[in-house]
Each structure stands twice: as structure tokens, then as C-alpha cells.
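Take a look at the structures below.
One chain, chain A, appears in both complexes that follow, with chain B as partner in the first and chain C in the second.
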Partner chain A sequence: MTFSQQKRMSYYAFLAPGLLLFASIIIFPVAYSLTLSFTSFGGYGTPKFIGLANYAKIISDEVFLHSLRNNLLIVAISVFGQIPLGFLLAYLLHRKMVRNGNFYQTMIFLPITISPVVVALLWNQIFSSSGMVVAIIRRLTGENQYVMRIFEDKQLAIVPILFVLLWMHTGTYMIIFYANLQKMTPSLLEAAQIDGASESQMMMRIILPSMVGTIATTAIFAISGSLKAFDLIYAMTGGGPAHYTEVIAIYMYINTFKYYKYGFGSAASMIIVLLAVGLILLLQYISRKFERRFE
Partner chain B sequence: MNMKRLLSMIFMSLFLIPALLFATGTKEQAKDSAGDGIITLSVYHFLDQTDKTTAPNFQYLVDVFEKANPNIKLSFEYGYGEAFHDKLQTMAMSGQLPDIVLLYPGERTSQVTNAGLVQDLRPYLSGHEDEFADMAMQGQGKNGEIWELPEDISITSIMFTNNRLLKELGLTLPKTYEELLAQGPAIRAAGLIPISIANKDAWPMQSCVAGMLVERACGLEWFDKAIAGEARFDDPEFVYAMQIIKDLTDKQMLSPGTNQLTYGQGLDDFVQEKAVYFIDGGWTVNNMVGELSAEQKTYMSLESFPDIPNQKGQSLSTSATAGQGFGMNAKLSKAESDAAWKWIWFYSGPEGSAIRQRFGRLPAYNLAEPKDADPMIQKLVAYAGKVPMGYVMDSVLAAEPIGTFNINLQNMMFGTKTPKQVAQELEAMVAAIGR
Partner chain C sequence: MRKRLTLASVLSSMLMITFTLLTIIPLTWMILSAFKPHAMIVRTPLAFPMSWYVDNFILSWTQGHLGIYFINSTIYSFVATFLTVFFALSSGYALSKFSYKSSRVISMVYTLGLLITVHSVIVPLFIMETKLGISNTRIGVILPYIAFGLPFQVFLATTYIKGIPDAMQESAIIDGATFFQVFFKILIPVATPIISTMFIYTFLGNWNEFILVLTLTSDLSVRSLPVGINSFAGGMSRDYGLQFAALVIGTVPMILFYLVFKDKIAQGFAAGALKE
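Let's look at the complex of A and B:
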């Protein structure tokens, strides 16, 4: 065996354990799920091949389309809400524009340390028909039948969940941006200040361009996290009432585990994977364009 | 070894390893491993271990059994709510079903029963059939198999009534639906809820109201025909039953924001005397025993929903089904099966049923009326003895049509679907899946 062959062998030997693990817990389940998605498998018996019928049924299902819409709203609130807000908060803290920065940093980060189920129970306690806010409004108005109807509106029922997601995850992005801002050379900003640059000019010309890579990474996190959103929403509403707050992961869960449609549920999960890959590729394309612009 | 061969071997192993991993995960072999004559059986049970009433009651039963059967050791694993069913499916699909498992008579655990993973209990039960309520002895499989021995008869629709509040408001128990509706304004004016019910989980409206109303509007005979395919779920009488739910919603007879209220809130409002009536299943009595004060128990009564106009079903009728119970793994040996049956028979047979009756349950095993039981239990037993019983929809229809129907009832209550649309969609789904 030549030296280069030995070298290559050693690469494979070192790579094999990780690859093996990856194949066992990622590639195999995904491949199995993909295979199941073309069948009408119901949990027992031999899976029957039905081609693309599951996919055709899913994309023409009104409930799926509403779930997809909800997922896209979550993606939007993550990318255009959590990330900018996280960046802004990190910027304010980094530039020491607020007093007691450490306190605010802890408070903003705190929600992400709480279990999503606890967060869901907490918000439910506040806003449900038997919750605190409704009780206060009933007392103040004397209207004992008062109910917050936003939760019963097909288009708006997702809004309170978007708010909770914003509250819960902004802290994560703030910490990421804060850490990256701290890595910046202070002399760069000091030089800009001496040259007479305003705060907004420093932000737009120096800080933001150096953050493009970080923004792209956080956006990938946000997109993939948003598309598989499940725990908080399931604990808050279970996707209800009447599918109003359902997302694709809940749609998949209900069809698989409540209706025993394993093939159908697998098809829904493959759609989540395809959506995530598609959106992330799009994002990478956009971020490459930005990087070139700022180079 | 050349590089190509090595590479192909690595990739082959990548795909074989997961299969090997799954294959090695075989069923736990506990049993009589110590050779001391003690048989250990794994049991999977539906139980909320944080429930201060149910959990200690169940443990008491286990203690009594293990004391009487020192050679049988039960090793429990618990699940609750949807998590119970999710795990059960995973166990069933991976071939790791426990020795004894809690099952449902209808479609809820059909992925276990239809797959032949559990034993037919009829050979063990032979000769004892008459000791159970008829409803509990109805076949659960296609050939009349009994997969699980029902522990209780579940009456799913009881109109619990606060007679103190009724009296204070100058009202009496309504005999007709119109009388009930007429009470609404007076009850609401007093700051109270006419009928407490929490439907966020979507099943209570179907299980506790719709089934009973279908019995009233359509009659038992119609339901038998509908299940057999000789009547349709979009027949006018079925639509009429749906219309009543819509009217109750529109006339503000139900808890405000009922579709936002988690199950349990309905009982809370009733116990705190914020509601005059409360519709729920007989299982709630179990909680009422502990939550109602001795004084409250004197004026709380169990009633039926009043008669509706053009009623085809019977007055006072409710909906009921044989409840869940334990079944046993089809792979058990003779000795293990005998030990498993001992537990199943103890739990749902005379001994366990008598204990559970004292705790507020309505056992499927025929027992004499309890004289020294809690007043609410005595009321439940008396109620069960006097009312005709119709079907519970989710015990006779498949999971998907029922799941969709539950959601459609919410849609109807929000005004986004009409009663007729709800009925038509149910019929279409039942027809497509098969009755």
C-alpha cells in the first residue's frame, strides 16, 4: 500500500464512526420515511405502493395549506422579527446605550431557558377564557361572557403564538449577535467616530456588513427551526381550535399517530424536509449576493 | 484489499448497522429469570400519575393484587393522554408490546388489536359472561373476539345539575329543550354559565353531547342502520342533532369560549358553582367525590338532557360504551398468560370492580348497589340503572372520520360550517373508509 493510499485509508477510518452514526440516525430514517411516503402503510401488514397519491392529496388539502401558511408566518416572524430584534437588542447592549445592560441581557435570554411546555402553560394561563387577562376584562367591563375572540378567528388565531415565539426566541439571536459584536475590533468603530461617522453610518457601513455571515447562519437556524415548530404550539393549542393554529409538523403528527396513516404522515414529513432545504438554498443564494456586495 | 472494495464494504455496513440495531431491540425477557417461581409481567397502563385521586386508587388495587398473588410481580409503565397512544403504537410496531396492556374496545387501539398482537380473552372468560353488563360483552374483533376485559361502563353524557342555584334563581329542572333554552337569560343575568363544558380538545362535544343528541334525534334503530350502511349520516334527523349543538352555541347556553377551555375547566366551573349545569361523562364522578364538599353533594344531582322537539329516541336517554380494560400479549407462554389473566380478572372481575366502585367508578361487572359508598357514587349507580343508553360515536366510527367530525363541530360552532356540511363530510368520510 502506498503512502497516499494509507493516508486515504486513515481518513476513511476516522470518518467511518461519525458517518455510521449519521447514517443510522439521519440517513436511514429519512430514506425509510421517503419509501413509506409512497405507500398507504397503516401501521401493520405489508405497505402498499400508491405512487405520489399521498403527495397529491396533501397539496390539495385545505388543512395542509392553512398549516403551510402558518409555518410561513412563523418563518417570517423568525427571520424578519426575531433576528432584527435580536440584532437591535445586541447592538444596544454592545454600544452600552442602556443602563444595567447585564440585567436586560439576562431577562431577554431567560425565556429560552424555560421548557416550551411550561411557556405554553404560562401563556395559556394568561390568555385563555379562564385566564387572568379575560378575568380582569370581565371584571372591568362587567361583561361576564367576554372572550378573546382572536383565538377563534381562522386568520388571526396564530398571531398570539407568533408573539410568544417572538418573545421566546429573540434572546437566542441577541446572544449570538452580541457575541459576534464583541469580536469586532473596537478601534474600527473608534476610527469611524474620529472621522465623524454618525451612529447610523457606523451601523450601516461597518457593523451590518461584518455581520452578513452571522445573519445568514441565524436565518438558517430560524428557517429550519420554524418549519419543524411543534412543541410550543402543540402544548398551547394542539393546532386548534378547528386546525386554525395547526402547522405542518402537527398535521403530520395527527395523521400519523391519531389516524394511523403512516404513509401519509411520512409524505408530510418529506414536504417539511423539501421546504427547509429549498428555503435554506434560497437564503444561501441571497446571502452570497450580499457578501459579494460588501466585499 | 483494494480501495473500491473497502469503500463498498463501508457503505454496505452503513446501511446494515441500523437494521442490526433494530433487530437487537427484542422484547424484554423478564419472567421467571431468577428461578424463584415468581413471574414478572410488564404492564403498560393509561394513568396520570400526578392525579391525586386516580393514581393512589390504582396503586391500592395493585397492592391488594400483589399481596394476594405473591408469585406474580407486575412491572408498570405509565402513559397518559396522546403520549400513551403514541408510545403504544411505537411498542406495537417495534414488536415490543408489554405483556399486559390497556386497550380500548373501539377503534382507538385498533393498530394493536387488528394486528393480532393480543390474545382473544374469550377462552379465559368462558362461563363468566353473564356476570358482566351486556354492553361489555359485545364482540370487539371482526369474529367477536374480546381483546380487553372492560373495566367500566362509560356513560359519556350526564347533565350534572346544581339544584341549589336552580332554586335560588327560581327555576326548576327543565323537562324540554325549549324550557332549557328559556332559562338561559336568567342564568346569564345572574353572572352564571348555563351549561359548563370545555371543548378545546374537540372530543368532549362529540363524546358528551353529539352522541346523546343523535340518539335523541335519530333513535337507536337509525344508528344501527347508519353503521350498517342502510342509513346515512347526512340524513335530516342527524343534521337536526347537529343543529341543536349550533343553537346551544348561538344562544350562549355553553361556557363562554368553550372551544378555548381545556378539559377540566368545565368541572372546575361546576365545582366552584359558576355553572348551573355541567355536561360530562360518568367518569367525572370519580373526581367529584374528592372535589365536592359534603354539603354540595346533597344538592348536586345527575340528570339527563331534556327532551328535544320531534324526538325519535327515548326520553332521558344518554350515550354509553364499554370502557377500556387490560388485554394480554399474544406471545405469552401458557404460564405467563395464566398469570396475566389473574391480574385482568382481578382488575375487571368481582374483587377489583368492588374496590373501583367504592372509588367512584361504574364497573362493567354486575355488582349490588353500594350502600356505604359516597353519595355521588350512589347517585351515579342509580342514574345508570334508570336511563336508556345509545351509542358513543367514537366507539363505533373509525379514528379519522371521528377526528374530522370533532374538528367540524368546532367549525360549526364558529359558524364556518353548517350543520348539513358537518353531516355531509362525516358521511363522505365514513363511506370512503368503510363502515
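Let's look at the complex of A and C:
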């Protein structure tokens, strides 16, 4: 065997195990799922081609539309809640505005290690009628019969879930921004400080422009993560009561594994992918505009 | 000027303290509640436990089959993580040091893989595994764990290995070493820092994974801790004491894991968003 043959053989041997798994467990099933989404497959028999009927049925389904709205609210709380808060916390830590920064950082990042299922059950207990929040409100107001009614409201039922998502993920964004802020060259800020720039000027003129790329990347994470939101909500409410807190991933799960509508479920999962790609493209368009403005 | 800075630092401290309390209070409440019998949790939710009632832990461990779930979670996390990291390293080596044209395409395919969620493959995966007879087996859980871990880990490995000077491996090759020897004897030792980050980050994800085990398995004997703990929420147990104990059992090992490996976990998260 010549050297170049040996090299080529080694190259393929190094790649083979990973590619084989990736192709058979991700690429092939995605193609399969796409195909199924055009059929009325229900688990047995040969799939029957029905064109775009599944998609048409989904986008006119009121439950789906409410799920979509919930998903978009989750995207919004991530992009406009977790990211700015995470950035603010990271910035304060980076500029050493607080003492014991390391301790705070450890505590705020901690929820990331806890399984979403555990987080869900814990907060369910906290919000329950024998939970901490209700007990505190009862004690403060003296109303001994107070119970939380927020989960019974179609429009507001998602709010406690949004709060828990904020609780879980803000620390992650803080850590990401903190790492990136530390990579900035300090001389730039020092020079600006010497020239008499104020804290807010440094933020607007130096720090934010240099972080546009990172913010865009984290927003991509946030969007794809938000559309995937399943574990926490599934364990917290299962999408209920009466579909009030349902998101598309749960909509897909229920239709597939409860009603055995495999084709229909596949179409729903394709919609998640399409939405993610669409939102990410939109975001890239916006961030490119911003980058140009700062140049 | 000095005054204003103090005001800013007071506000900053308040913000930090608020977030810190938001972490500490719920977790403390959870741990304290786990030591209270059901009746006391319901009647006096804010009270401190009168005695350390440990029956909750014993009962939830035995009735909830947490022992077997714990073992399964351990197997899944270690085996899948080890293989993910190993395959990601070998792929990263191939993609960064062999300079074939196909490397570029393969890297791109892996990057696209980052966008694909478990949900978009779960239906076909379930059908495939049922046909192959590996649904409801440990292998049927481990293989998808590896596949879904790969895209990000390949990205981390490729980026890191690219930064290792070529000279090291070239001189070994000239001395007659094979590429496999280079990989095992030179590359892996040099890449230890990224390997530990990759391992810890992947381990955390696998330990907390939920939907794959939920859909691909139904036998108690192959399910993992998150799915097991979730069953405390449904009809299985209306005893809050047991539920809190199960939550503590699910949380405390992870908090210890976190306190030991916090920096590595942080690195894993930060690495994904670093601009090249």
C-alpha cells in the first residue's frame, strides 16, 4: 500500500463511525419524515400519498395556532428577556460592578445542570395550592383562601412557564456573554476611559458593536431552543389544561404517539424545522444590517 | 461621579442578589420539603421540618424504581458520552488535518445537523427501531444519543485540532508512524483540555435527556432517571413527600457535578457562541 493510499484509508476510517451514525439516525430519518409528512400513514399498511393535506389541516387547526402563538412567546422571552438579562448580568460581572462576582455567577448559572423534568415538577410544586408562592401570598395578604388561577386562563396559562424558562436559561446566556466579553481587548476600553467616555458611551460605541456577532449567534441558539421546547412543558402541564400551554413539539407528540397519526405528526415536525430555518434567516438578515450600521 | 458609581454598584448587587435568591430559595425549599411527611407539606408549606423524616427517600427510591433508573442513566451517559467524544475526535482529526476536498462538505453537513431537532426524526426513528427490534433496548437509546451529540462535538474537536501545529504529526509520520499511532499517541494527549470539556458537556446533556427515552422505550428496565422522576407527577403518587424526595435524588448529584466541573461546563456553552 502506498503512502497516499494509506492516508486516504485512514481518513475514511476516522470519519466512518461518526458519519455512519449521523447518516442513519439523522439524515435518513429527516428525509423519511419529510416523505411521511405527505402521507396519511397511521403505523401499519402502506403509506397513502395525500399531498399537502396534512399541512393544510395543521395550519387551519385552532389548537395548532394557539401552540404556534405559545412558541412565538417563548422565542420572544428568550430573545428579548433571557438574552438582554444575561448580557446585563455578564456585563456587570465583567466590569466588576459587584463584589463576590464569582459566587453570583456560580449561583445564577446553576439551574443549567438540573434536568428540565426536575425543574418542571419543582416549579409545579412551587405554584401549586400548597406551594411556596401561594403560601407567601396568603401570608402577605392575609387571604387564607387565595389560590392561583393563572393556569386556568387560556391567554395567561403560558406565563408561569415563560418565567420558569427565564429562570432556567438566563444564566446560560450570562456565561456565554461573559466568556466573550473577556476576550475583548481591555486596552480599547481603557483608552476610551482616559478620553473621558462615559459608561453608557462605552457600552453603545464599543461593547455592543463588538458583541453583535455573539448576540446573533446566541439568538440563533435561543430560537432553535425555543422551538424545541418540550421537556419542561411536557412535564409541567403536558400542554394542558385544554391545550392552553401546548407548543408545536407537544402538538406533534400527542398526534403521533397518542393518536398514531404518524404522517400528520411528521408534517408538524417539519413545520418546526421550517419555522426555525425561517426565523434564523430573518435574524441573520437583521444582524447583517446592524453590523453594517456599526461599521 | 463617585456617588453615582456607588448607586450603580448598589443596583447591580441588588440584581445579582435577586437572581441568586431565585436559585437558592426554590432549591432549599425543595430539599427541606423532602424531609417532611405529605400532610405537613400540604398544611404548612413554609415551615421548617420538625424532624428529619427520611422515609420519603427510602419509599421513593424503592416504589419509584429509582435504583434501576439511576443505573440506566449512568450507563447511557457514560457509554454514549465516551463514544460521542471518541468519534468526534477522530472525525475532527480527519476533517482538520487531511485536507481532502470532501472535508469541507462533511463539515458543512455536520453544521446543518446542529439545526435538526430530535422532534424532526422521532417518528421515523421510532418506526426504524421497532422494525430493527432495538426499540426498548439500551442500544436503541445509546445510538441516537451519539448521533445527536456529534454535530456540536465534531465542531468543537475540529476547531481545537486545527489549532494544533502540523509539525508535530508530520515529523512522526516521517519517522514511520501510522496515522492511527499519531491519533492515539500524539493527538489525544495534546487535546486533553478540549476532551474534558467535550466529555463533561456531553455527559450533562445525556444525563438530562428526556424525549428520546420517553418515546423509544416503554419498559421500566431500560428507562432513565428523568423519565422515572416524571412518573411521580402523574397518578403514580399523590404523596408530595415522595415527589420531593425524588426531585432531590435527581438534583443533588447534578449540583455536586456542577460545583466540581462548573468551569468546564461553562466552556462548553461558551465555545458554541465564540466567533471564529
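Operating definition for what follows: the second predicted complex is superposed on the first by the 259 of 295 C-alpha atoms of A that agree within 3 Å, B and C clash if a C-alpha of one lies under 4 Å from a C-alpha of the other, contacts with A are read in each partner's own complex, and residues count from 1 in each chain.
The working rule: a residue touches a chain if its C-beta (ideal position, glycine included) is under 8 Å from a C-beta of that chain, and two chains touch if they have at least 3 such contacts.
Computed from a prediction, not measured in an experiment: that's the story for all the values here.
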item: First (chain B), second (chain C), both or neither touched by A:Gly240; value: first
item: Contacts of A:Gly213 with chain B and chain C, given as first, second, both or neither; value: second
item: Contacts of A:Phe109 with chain B and chain C, given as first, second, both or neither; value: second
item: Which superposed partner A:Leu19 touches (first chain B, second chain C, both, neither); value: both
item: Touching partner for A:Tyr146 - first (chain B), second (chain C), both, neither; value: first
item: Dominant toucher of chain A (residue count), chain B or chain C; value: C
item: Chain B versus chain C as contact partner of A:Asn124, first or second or both or neither; value: both
item: Touched partner set for A:Phe257, first chain B, second chain C, both or neither; value: both
item: Those residues of chain A which chain B touches in one complex and chain C touches in the other; value: 8, 19, 24, 27-28, 124, 130, 134, 257
item: Sites on chain A touched by chain C in the complex; value: 6-8, 10-11, 13-15, 17-19, 21-22, 24-30, 32-33, 36, 88-89, 92, 97-99, 101, 103-104, 106-118, 120-126, 130-132, 134-136, 139, 167, 170-172, 175-176, 178-180, 183, 199, 213-214, 217-218, 221, 224, 227-228, 230-231, 234-235, 249, 252-253, 256-257, 262, 265-266, 269-270, 272-273, 276-277, 280
item: List of chain B residues in touch with chain A within their complex; value: 3, 6-7, 10, 13-15, 17-18, 21, 82, 85-86, 89, 92-93, 110-111, 114-115, 188, 191, 200-202, 252, 255-262, 265, 268-269, 399-400, 403, 407-408, 410-411, 414, 416
item: Residue numbers on chain C that touch chain A, as the complex places them; value: 8-9, 12-13, 15-17, 19-20, 22-27, 29-30, 33, 41-43, 45-46, 87-88, 90-91, 93-95, 98, 100, 106, 109-110, 113-125, 127-128, 143-144, 146-148, 150-151, 154, 178-180, 183, 204, 207-208, 210-211, 215, 225-227, 229-230, 232-233, 240, 243-244, 247, 250-251, 254-255, 257-259, 262, 265-267, 269-270, 272-275
item: Residues of chain A touching chain B in the complex; value: 5, 8-9, 12, 16, 19-20, 23-24, 27-28, 42-45, 124, 128-130, 134, 144-148, 151-152, 154, 237-238, 240-243, 254, 257-261
